[in-house]
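The two complexes that follow have chain A in common; it is paired with chain B in the first and with chain C in the second.
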Partner chain A sequence: MAAFDHLRTTYFEECAELLDAAYTHLAAIAEGRADDDTVNAVFRAFHSIKGGGGAFGFERLVGFAHELETVLDLLRDGRLAMAAPVAALLLRSTDTLSDLVAATRAGQDKPPGFEDELVEALRDLAVHPAAPLRAVEPAVAAAVVSRWRVRFVPHAGLFRSANEPLLIIRQLKRLGDVRVEADLSRLPHLAELDPEEAYLAWTLFVETAQPRGAIEAVFEFVGDDCDLTITAATAAGPADHPAAAPANETPAALAPSPSIRVDVEKVDRLVNLVGELVINQAMLAQLGSQLPPEMCAGLLNGLDTMSQHLREMQEGVMAIRAQPVKSVFSRMPRLVREVSAHLGKDVRLAVSGEGTEIDKTVIEQLADPLTHLLRNALDHGIETPEERLAAGKPRQGTIFLSAEHRGGRIVIEVADDGRGIPRPKVLAKARDRGLVAQDAVLNDEEIDHLIFLPGLSTSEALSDISGRGVGMDVVKRNIQALGGRIAVQSRDGTGSRFQLSLPLTLAILDGMAVAVGAESYIVPLTNIMESLRPRPDNIHPVTGHGDVLAIRGEYVPLVYLHQRFKVPDAVTDPCKGIVVIVESEGANRIGLVVDDLLGQQQVVVKSLEANYGPVEGVGGATVLGDGRVALILDVSRLKTASTFSAPVERRAAPPMELH
Partner chain B sequence: MNAITPGTEPSVPGMHQAKAAAAADPRQFITFTLDAQEYGVDIMRVREIKGWTETTALPQAPSYVRGVINLRGIIVPILDLRARFGMGTTEPTRMHVVIIVITDTRTTGLLVDAVSDIISVEPDTIRPVPRMDDRPAEDSFLDGLVALGERMVTLVSLDGLIGSAGASARTH
Partner chain C sequence: MARHVMTVDDSKTMRDMVTYTLRGAGFQVSEAEDGQKALQMLRTTKVDLVITDLNMPKMDGVGLIRALRADPQHRAVPILMLTTEGDPAKKAEGRSAGATGWLVKPFNPDKLVELVHRVCG
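What follows is the complex of A and B.
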């Protein structure tokens, strides 16, 4: 059923958000920044996951969430002290909960016993709260079995909000012994009965060690659809229900957050439309500039204002697609916890700037490279505690993960205080593999950048963490595919710093328009190293390989765009046109021979494949100010078509610059 | 029983246009011309008709792909139907017309000489295309033939046309 699937999807989306929230708040608790609200927020997260899961019958998920909830409840009541080991256990349990959520979402089941160890630990904690606390009030936790009388009278419309009293009563049974008395007095004659309305009411006698709040929580989702009265059935038991305040507090805390869920497609349509408006506006502005200003000042003013509003509108629409990098950063603490435990290292992750916003598509594709960089830092960068102490460093290593906006791009840094890149080893390996000539002299920076070459992994033992030879070159390719750049700085013994510079959106690209014959093409600015008009003595033909351009001792193969794209009436002599030197994945550069540079501009990237198909060497299309379509070159695919191989000794990776 | 009641198939040839409303499933076609020949495309597949605008050439494209245009933000390839049918290349002028059609999820423009008419056709009056052994490739572009008095309209199969255009674009 489509509607049900939709609900299911929504539930899992909410789970992801709730888990995110739980992680954030648990981190605060672990760092001792917790207050009542924080604990409440974590409780609510687990409770909502449990509640929704119950509706879908995800029993395992619900069971585990319930254990977590129990512990949180103890924390909430102050019967369990917030200590570091408790926080650690809760974090690990949240990891497991998110695994269970992921498995359930994928329709799989984790092996039996997957969560048992943690369930036991959580139950232990629930039964024997921290030792000092137990000494103070040992009897309380065990002895507080109180009896409650719960009068539950659903309104007629209860079922319409997808609630089921049976599930609620079952949930109540988890709290302890429940005796149920059904009240049939409202049941009408069969002929008058509307099967979609609720007629029954119940009186429930609950015997539980849990506080009143736990009972209220069971009814949390039906609060508006029923009359609920909870009264202490006996006078016995200490009043561990802090008045009736929580009952009023809970709905307030659950008030909808001021955000809405919108289909990405709808936003994309809007982005597209605004892109069109921008092009339209450029056309109008061009036409307007041909009018005599004294004749139509009003019109020109109007055009000006419109262009300003449009720019603001474009920014606004782009901002809708933007999301804080938090959604990907928040996955990293778990990775660090797990991998450092696995490696026997003591590592702290310091995250900053997680509120920095970037386009959703960029974020999605950022997870892999970031995971890779962090694993790398954990495995290769940070030393073992013994090595660190021997080197006079603190026992605990630190990895810094940060994000910030810088000049229209987002810069993400992964830095560690580990041993740095072992340059002699990297160089030896590169020479070994023939990636660098034996006699080539490279400076430190050049050596550091060798790690981005394919097939260079320096870890002595292949581990299951990193070092399978699919390493930094893949990271670099991923980042370049996003229109980004990566650079590394390393200091021997004090650590390395990887810097990713990414565009804020994939929908807009900084490009250089070039002319070939009557056509214009867009070359992505990230690929361009430099452009120049060569002298005839710089051009050398290489038999069977076409021409190369000699530049500062390097030979750069030339690709004649007019030949490749069969454009008539183009400049055929590079010395009369312009050579644009571009670099793409890998370190090989090529020189594109074009007629002229037309200028730098931001272009809106459009798909060519949607209605046509892939074209070799073309990454997409865009619409220019005059309404015509221009193709955007995919430099990496242009290169593969040229079978030129550069001399080996010239292939050292050039240092990259970040702007 | 001569009276046509809803649900009965009209069986009298020649009355398909007049009684279209009462018929089972009359199909409507937009007809266009290439030279003196008249062709039809299913009206349900036509999104719009627009005048010829300059295209941007695509590298490595077959000769009948004129290039791409910007259609309100989407990039749409334009096929020269005359070239596709092996009748030579069109020299487009302002008078030439592009029919924007939709197949599956693709949007494509067809460059033709002019659009002439909208016709209503009973499905059972569509005649199969006679097999022409010397031009086998073109058969898949055509859905059938319809006689309209003196005129003959050749129905174009968009799936055959654009499916194969896309496929050959990919292999090039």
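What follows is the complex of A and C.
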């Protein structure tokens, strides 16, 4: 049943959000930053997972969520103290719950007994609460809960005695559940407002097992300074009666939802359409520019305004696709927990900037590289507690994960306070594998960046080198595929820092249009280092490898785009055209020989793979203002497609090429 | 930061009791033996709450409340007065002078802590 499937999908999406929330709040609890709201939020998360799961008949899921809910309920009442071991157990249980959710979503079942150990531990906790925080009040638990409607209208002079309605309402909350409705009707215009007078009034719905006198007592000091009416609302059942539960949730249900859930496909269709509009607008602008301006000033003005609105619209639509990196960051604490436990290390993960927003596609593809970087930091960066203590460091290692916007890009950092990259070993390995000439002299930074070379990243290296370098070439390739860059800084004995810089969106690209014969190509601006017109004595042919350009003591292999793409009537002599020097994979540089630079522009990326098929050296296509299609170059693949890339030959090349 | 409470009372027993109770509940407490001393100390110290007895030598509680409410620096500070069952007139006087709340002597420590929370969070 389609409708039912849709509901299921919604439920699982909600589960993911609820689990995220639970993790966040449990982390706060584990760090001792918890208050009643935090515990309540975790309770609600488990409660909602359980409730929704029940509707679909996911019995196993519901059963386990119920155990968690029970413990949270005890914490909420103060019948169970929030101690570190409790938080740890809850975190582990949440891991298991998210496993169960994932299995259920995939229509699979976890092996029997998968969650039994935790269920037992949770039940144990419920039966023998370690140390009660507040005294248990059995009389209260059994008492009848009454609902009261309290109308609290302060007189204007309430503040004169330094009484504070907020504190009074907070005090009221100690009696039970309180729903607050503020009455702003007495609020005057700003110009007439006296900041020392009370204008607000409240209607409070109190649900408590305490007698009416307890509510009156809260208002004791303001009795003469306000109009207070307390009336009984409909009575609820006993405190532990299920009927009381939905009532607890009324506030949440009543609050207007700040967001709506939209199918990604719908958003993508919109993104696409806006992309088409941008292209259309560019065409119109080009046509317009060919008209005599004195005849159609109005039209040109209109086109101009349209272009501005379109740009805003494009940004707006992109913003819909943007999501906080939190959705991928929130998976990392679990990874750190599990891997560090496995390795016998004590590691803390410090996360910041998880609210930073970036395109959904980028986020999805960020999970793998990030996981890789964190694993590396855990495995090779952070030392064992003994080693750390011996080195005079705190026993607990720290991994910092952060995100921030910087100059139209997002920068993600993974840093650790571990041992840093062991340069002698990395260099020895690289020499051993022929990635670096035996006599080459590399500086520290160059050695650090060797870890991104494919040859150094085999699984062998994992056991041979006790440093980093495992799969780093893959990480680098993933990041580059997203239009990003990766860099590393390391300090011996004090740690390393990996910095990823990513574009905010994959749908739009800042590019340089270049002409080759009658064709135009787009070179991504992030790849371009510089462009120049060489002199004939800068060009050297190297037997079997084509031409290289000598520039400031470096040799840059040239790629003739007209050859590569078989374009007729193009400039064949680099000294008559332009060489665009781009940085490709492994920080290697190549020089693209083109006829001319046409100018920098933002282009809407269309997938060539989806509309035609994969083409080596081409990352996508776009439509230019004049309606012609231009291919967007994938610089990292151009290199491998050239004749100058076999690693064996690289050994013979000058050392400056090797970093 | 711990909240700062000033207890003003001519009886050392009473001051000690308030101090002991509130320190135990995590407050910072200063003591003054009469209204004049309290005002003097308040010139250089900022507090989050004043708990004052009403009958004191030199400047009594009501005088202290009036003085504080007239001082722009202290007119928003919550003030709890300690009253006795037998003197409702004095309590009314304190209230109209601007006291935030009151506590009837003798009181139990829990009640004191609860009221302190009620008026200063």
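The rule is simple: the second predicted complex is superposed on the first by the 460 of 659 C-alpha atoms of A that agree within 3 Å, B and C clash if a C-alpha of one lies under 4 Å from a C-alpha of the other, contacts with A are read in each partner's own complex, and residues count from 1 in each chain.
Just so we're on the same page, contacts are C-beta pairs under 8 Å (C-beta built on N, C-alpha and C of every residue); 3 or more make two chains touch, one makes a residue touch a chain.
Predicted, not measured: the structure shown is a model, and the values here were computed from it.
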Partner chain in contact with A:628 - chain B first, chain C second, else both or neither: first
Contacts of A:224 with chain B and chain C, given as first, second, both or neither: second
First (chain B), second (chain C), both or neither touched by A:164: second
First, second, both or neither for A:618, with chain B first and chain C second: first
Partner chain(s) touched by A:190 [first = chain B, second = chain C, both, neither]: neither
Contacts of A:565 with chain B and chain C, given as first, second, both or neither: first
Contacts of A:275 with chain B and chain C, given as first, second, both or neither: first
Partner chain(s) touched by A:608 [first = chain B, second = chain C, both, neither]: first
Shared contact residues on chain A - chain B and chain C: none
Touching residues (chain side chain C, partner chain A) in the complex: 69, 75-79, 95, 98-102, 117-121
Contact set on chain A toward chain C in their complex: 159-164, 167-168, 170-171, 218, 220-221, 224
In the complex with chain B, residue positions of chain A that touch it: 272-273, 275-276, 279, 519, 564-567, 606-608, 610-618, 621, 623, 627-631
Interface residues, chain B side, partner chain A - complex: 54-61, 67-70, 72-77, 105-108, 166, 169-170
